[in-house]
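Residue numbering begins at 1 within each chain, and the chains themselves are lettered A, B, C, D and E in the order written.
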Amino acid sequence: MNAIHIRGATKVFNPGKSSQVEALADIDLAVEPGEFITLIGPSGCGKSTLLRLISSLALPTTGSVEVNGKPAEQARLDRDYGMAFQTSGLFDWRTVAKNIELPLELMGWSKADRRRRSSEMLELVKLGDFAKHHPSELSGGMQQRVAIARALAFSPSILLMDEPFGALDEMTREHMQDELLRIWRDTGTTLVFVTHSIPEAVYLSTRVVVMSPRPGRIAAVIDVGLGDRQASTRDDPAFFSKVTEVRAALREVEG
Amino acid sequence: MNSLKGFSAPIVAGVALFGLWEGVLSVFSSDGFVLPPPSEIAGAFIDNWDAVFRGARITGFVVVSGLAAGVILGVLAALLVTRFRTANETITPLAVAVNAIPIIALAPIFNNWFGLTSPRSNQAIVVALVFFPIFINTARGLTQVDRSQIELMESYAAGRARTTREVRVPNAMPFFFTALKLATSLAVIAAIVAEYFGGRQDALGPMITQSAGLTRYDDAWAAVLAGTAIGAVLYASVAVLERWAMPWHSLIRSHREET
Amino acid sequence: GNDDDADVREAQEVSLQLQWVPQSQFAGYFAARDLGFYEDVGLNVTIIDGGLDIVPATVLDSGGADFAISWVPRGLVPREEGLNITNIAQVFQRSGTLQVSFADAGIDGPADLEGKLVGNWGFGNEFELFAGLNSVGLDPQSDVTLVQQDFNMTALINGDIDAAQAMTYNEYAQVLETVNPDTGELFQPEDLSVIDWNEVGTAMLQDAIWADADRLEDDPEYRDMAVRFVEASLRGWIHCRDNFQECVDIVLAASPPFGGPSHQAWMMNEVNALIWPSPGGVGVMEQALYDQTIDVATSQGILQAAPDAGAFRTDIAEQAVANLRAAGHDVSGNGFTRIQVEVAEGGN
Amino acid sequence: MRIARQTATFVLFLALLAGLYTGYKAFGQAIDDRQHGWAVVGSVLPRTDDLNMPPISEIFGQFWETPGGQDRIYIRILLDEAVFTLREAFAGFLVGSAIGMAIALALAQWRRLEQGLLPYVIASQTIPLIAIAPIIVIWGRKNFDFFPWEWQDWMSVSVIATYLTFFPVAVNGLRGLQSPRPENRELMESYAANWGQTLWRLRLPASLPYLFAALKIAATASIVGAIVGEISAGVEGGLGRRILREAFNYTTGPDRLFASVLGAAVLGIFVFLAVTGVERLVVGRWGRGAAA
Amino acid sequence: MNAIHIRGATKVFNPGKSSQVEALADIDLAVEPGEFITLIGPSGCGKSTLLRLISSLALPTTGSVEVNGKPAEQARLDRDYGMAFQTSGLFDWRTVAKNIELPLELMGWSKADRRRRSSEMLELVKLGDFAKHHPSELSGGMQQRVAIARALAFSPSILLMDEPFGALDEMTREHMQDELLRIWRDTGTTLVFVTHSIPEAVYLSTRVVVMSPRPGRIAAVIDVGLGDRQASTRDDPAFFSKVTEVRAALREVEG
């Protein structure tokens, strides 16, 4: 059984109006359980829209999406997903810690467990001092880290992340990448990850999906196969050759 | 086609509602005469069409003119209050005070001030009632703005007036329209209650009290129906206006709702 | 001793719906309550205030009160609409409604109202006015401008209307209690010109006691209670005729002051004059006056048709009067004369 | 400190208003006293003679008078009556807000319902109180015997206050419940949060600014409702009946009507400030962050 | 005369409260007219706050900021600034084209000029088809491009940009970098630019300012001196050595 199975999905916004946009065309994609997939492609090509289809936050215009062997809608109701959106989407009225605890509350965790988990996660994203602050008092990158912590706080069977590390500096970013990989390995989560950084895509994922500009199509799927990542992986020639391969694929679609 | 779609739901709901009303009254009809069944009201409405229509025109004029004046004043006051802090500390309690005075108490005073037969006294009452929700809601919308948008305007050294126009006013639109919807029905109530206390006797207000006072409840409800119709027409106009004035607003929905 | 009596016979609970706020217009009922007349006949009466929107007929019919005070036309119209209520005691024998204008306006009779701004309160208070206009060939809907008048006389004084509706016992006095800004003195009766509908011949009967007709038929206990209620109420009115000041004080104590002591005194005096003399016995309907009321009402289209015989009954009042007479009360007040009440600014 | 300054400005402002009133009155009387057919005064602007605009001193003087037959000064009477009215209004406010919120929730939940029912909710407000007040009182006296406590007439007044209160809460509340940004709504959807959870954790907090604006309107509306209700329902003991009496009495004592109307106004300010205080407590820190 | 002159500036948020944050400490910085400065530093170190101080949207707790020889406040009132914020800050109620025209309206441009300029700018950011759309209909990267177009639409003497290219894919980003450099050269604008990408910082700027974590201080200022940028610059060994130098400086402060 595939973790995610998309068949012939298309998405058209504002159909029939002058502002009609064909966002996605002919998407076919099957993801195995425990895979780490990255989506990469030019701005506006439909990556976020594709994540929305997978999580059934939007319905495909045609085609179907199956997740864990059931319709995406059902998977959502079964709480199979964790998500981090492109905009942080924090709740202004909750403190940082309370934001992270939100999904845990919904899953019915006890107060003590939530408290413990949220401080763990805050340590992970290096915001231990800011538990009691409100989101409007954080910098852009700090907000993004809170949103990541929120997405990772519980262990969904499928994790969807939309450019989660975009606003982070290089070092924090590498730290977060390694943490994410650790969590992924430990939990066996299936991960779909959107990024604009080619090295990031290669470093993180088992397969890179390259998308073409509007209407978004899958232009290439590149198997990475780098095995276990270590600090040295970033300097590995195999790593560079994969980066070059993805870059070439991207240049081609954008050309 | 599209415009029809917006009306189908209210019609279905209306049929259900009135059907229920009629049905309940036909089963438990003991007090039926105070709250007559819709069929009787409709009958009285048709029988008294001339009088009801004349009354609706007189009352409708007071409603619309008072509403317009009240909205203008409310918006101006809200602008003033967001601009000057002292204005906020003074106008707000005053507006609250005026609003807390029951119209029934204002009616005799206004009737004396402006003359019993002048429509102005009734208009003044409508204004007094409409003003408050418009003022409170609009002021709220004008202040509850995204800070980064204000900062952007500051970086352009845009004047306060300009910032108000470009950021605060659009931001206040949903608040304002919500209040305007409230205000339409308040204006109708205000006009009708004001008319109980003075003015021309062929307006809707006296028709209601006089008929009710003589237990001719079907006639009273026919006039009530006319008042309700005025309110409904105004409300529908506001809804149309809202869609026209805030085309972007319907876009800000989540993807699921859009499908 | 009294306490023991109460133990022997538990007083019956009775409620009375007034047509308006407490004032000397209802002095008889307050007197009967406060002086124990109701208690004497085994009743414990709760008096319910009226108000702007209170329709006594509706309250009575729906069981909100056992008895109600209402003007005759304001009881007959609901009756025609299907409320089975009946007039059991006609307390007021005359109409107290006037149409008042300033003397310099030259409005001395209904004919002079043509083309004028004519104030009235509605609620059935306008019927006499309409009939009066009709009697001189004027159409109320087109030959005058009808204005909804507030329940005071400010509009007349302000000049917003040419002629205002006024009760002899209330609003008329309000004018006399007000300082004339032109002279600095109180307005004088000479300043005013008055149309009295009793004289024009279009007067209609006013305050009467109404009861639930169905209950009277079906429930002998209710009928018995009605007799006792009417008897004690009329005894209150007799007492107020003979003990003027005491009744004024009772009214003033009955509720927050309304119009001040001199105003209530004025009202007591004028109300007495609407009741007394009652040659046929107080509370007993006089057929001629009833016929005139019906005449006016039907000719105005206020009533579609003359009411049936059940609209009023005299048996209860007659029985009450007989009891009172037997107890030595003067039930017709043939020797009644008004007294002179001093007008004070603001009714104080 | 801030409170002190605000009070000072407000008192100053009141003095200014009183001055304006007196000044306008003097101006109106100077140009023409009691001649009808004035150009502006008396048609566009209010009339100025003592019958229509009693002098401020007399209005305030009334507060310390002892009206005939009474043992309390007028301001004391008004205070007692205000407390009576406040009780009716408060009950109406609580019930009305709850009903309003319930309606808002139902309409927010089902868009169809919003389209279908909202027009009738609006229409319900255009039904004049006067047409329903007596019905409520009569039904209250007669039919509400299923009610756990004995039905009192003042409760009927509260019902009328409820009728005026639920509406602003429903309309503003609906708008507030619909106000969360899409990304926040989608987040809750991605958690498959159920209706109650989305409500409690997202929609309600996001709607608070709208809701408090509505509660302020509703609080003062409940006072109006109670006063109108007292008048229509014939319930004695509160400010409503006081105002009615003074209106009947206007010709002979205009200053007392003005004084009693002032009493109602003060009561309205009181409840408004009470809601504002609660708002400060509830919205607290993040609310200040959001406003500019 | 310096274009920007910051002397001993510090910034403390919520002073005296438990949530007190010392965001900036001891900032001294002088920027020559026509320079292109990039700020780089770990997330939350105070970069956005520093931009706010320069534009007088926030006041320093101590110290002073002078711009074009006058207090920053005055410079703002003289409309010396153009800004692009970290969050796009577009107005939902304006179409894309109207958003770009906003500053032009404020400067009193004629309607025709505005129209012409906004379509030029839309071409520049490759959003010609979306002039009439509303921001909520755009992808994250597209919104960011609109915000960039808005900042570049008029020619302020000082341009402040806060991570403007964060949400763009590599190719679009390189295109935007080159356009920005062209505009900078053509107009002689002084540019202060925040980024997390070390290569971007080196490629764009004349000087890179490296900031240390909370409280933000200037840890190093690195002169780049690469001369005119061309396509080949990105492969230049001098370029790589500067990248390494900046990275080393950053590792040091974060270490």
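Just so we're on the same page, a residue touches a chain if its C-beta (ideal position, glycine included) is under 8 Å from a C-beta of that chain, and two chains touch if they have at least 3 such contacts.
Owing to the predicted nature of the structure, the values given are computational and were not obtained by experimental measurement.
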| item | value |
| --- | --- |
| Assembly fragments, chain B aside and the remaining chains unmoved | one piece |
| Common touching chains of chain C and chain B | D |
| Comparison of B-E and C-D by number of C-beta pairs in contact, larger one | C-D |
| Whole-Å separation of chain centres (CA-atom averages), chain B against chain E | 48 |
| Between chain C and chain E, centroid-to-centroid distance (C-alpha), Å | 86 |
| Chain C and chain D: spacing of chain centres that average the CA atoms, whole Å | 36 |
| CA centroid of chain A to CA centroid of chain E, Å | 27 |
| Sequence positions of chain A contacting 2 or more other chains | 52, 57, 87, 136-137 |
| Contacts with 2+ other chains: residues of chain D | 47, 51-52, 130, 134, 138, 181-182, 186, 189, 231, 244, 247, 250, 290 |
| Per-residue multi-chain contacts in chain B, two or more chains | 31, 34, 108, 112, 115, 147, 196, 205, 209, 212, 252, 254-256 |
| For the chain C and chain D complex, residues of the former touching the latter | 21, 48-55, 58-59, 62-64, 150-154, 157-159, 171, 174-175, 177-178, 181-182, 252-253, 255-261, 263, 345-348 |
| Residues of chain A defined as touching chain D within the complex | 52, 55, 57, 76-79, 81-83, 85, 87, 89, 91-94, 102-103, 105-106, 134, 136-137 |
| Contact set on chain A toward chain E in their complex | 13-14, 18-19, 21, 40-44, 46-49, 86-87, 132-133, 137-142, 144-145, 162-163, 166-173, 196-198, 247, 250-251, 254 |
| Interfacial residue positions of chain B with respect to chain E in the complex | 146, 148-149, 151-152, 154-158, 162, 166-167, 170, 173, 246-249, 251-252 |
| Footprint of chain A on chain D - complex, ascending | 181, 183-184, 186-187, 189-193, 197, 201-202, 205-206, 208, 285-287, 289-290 |
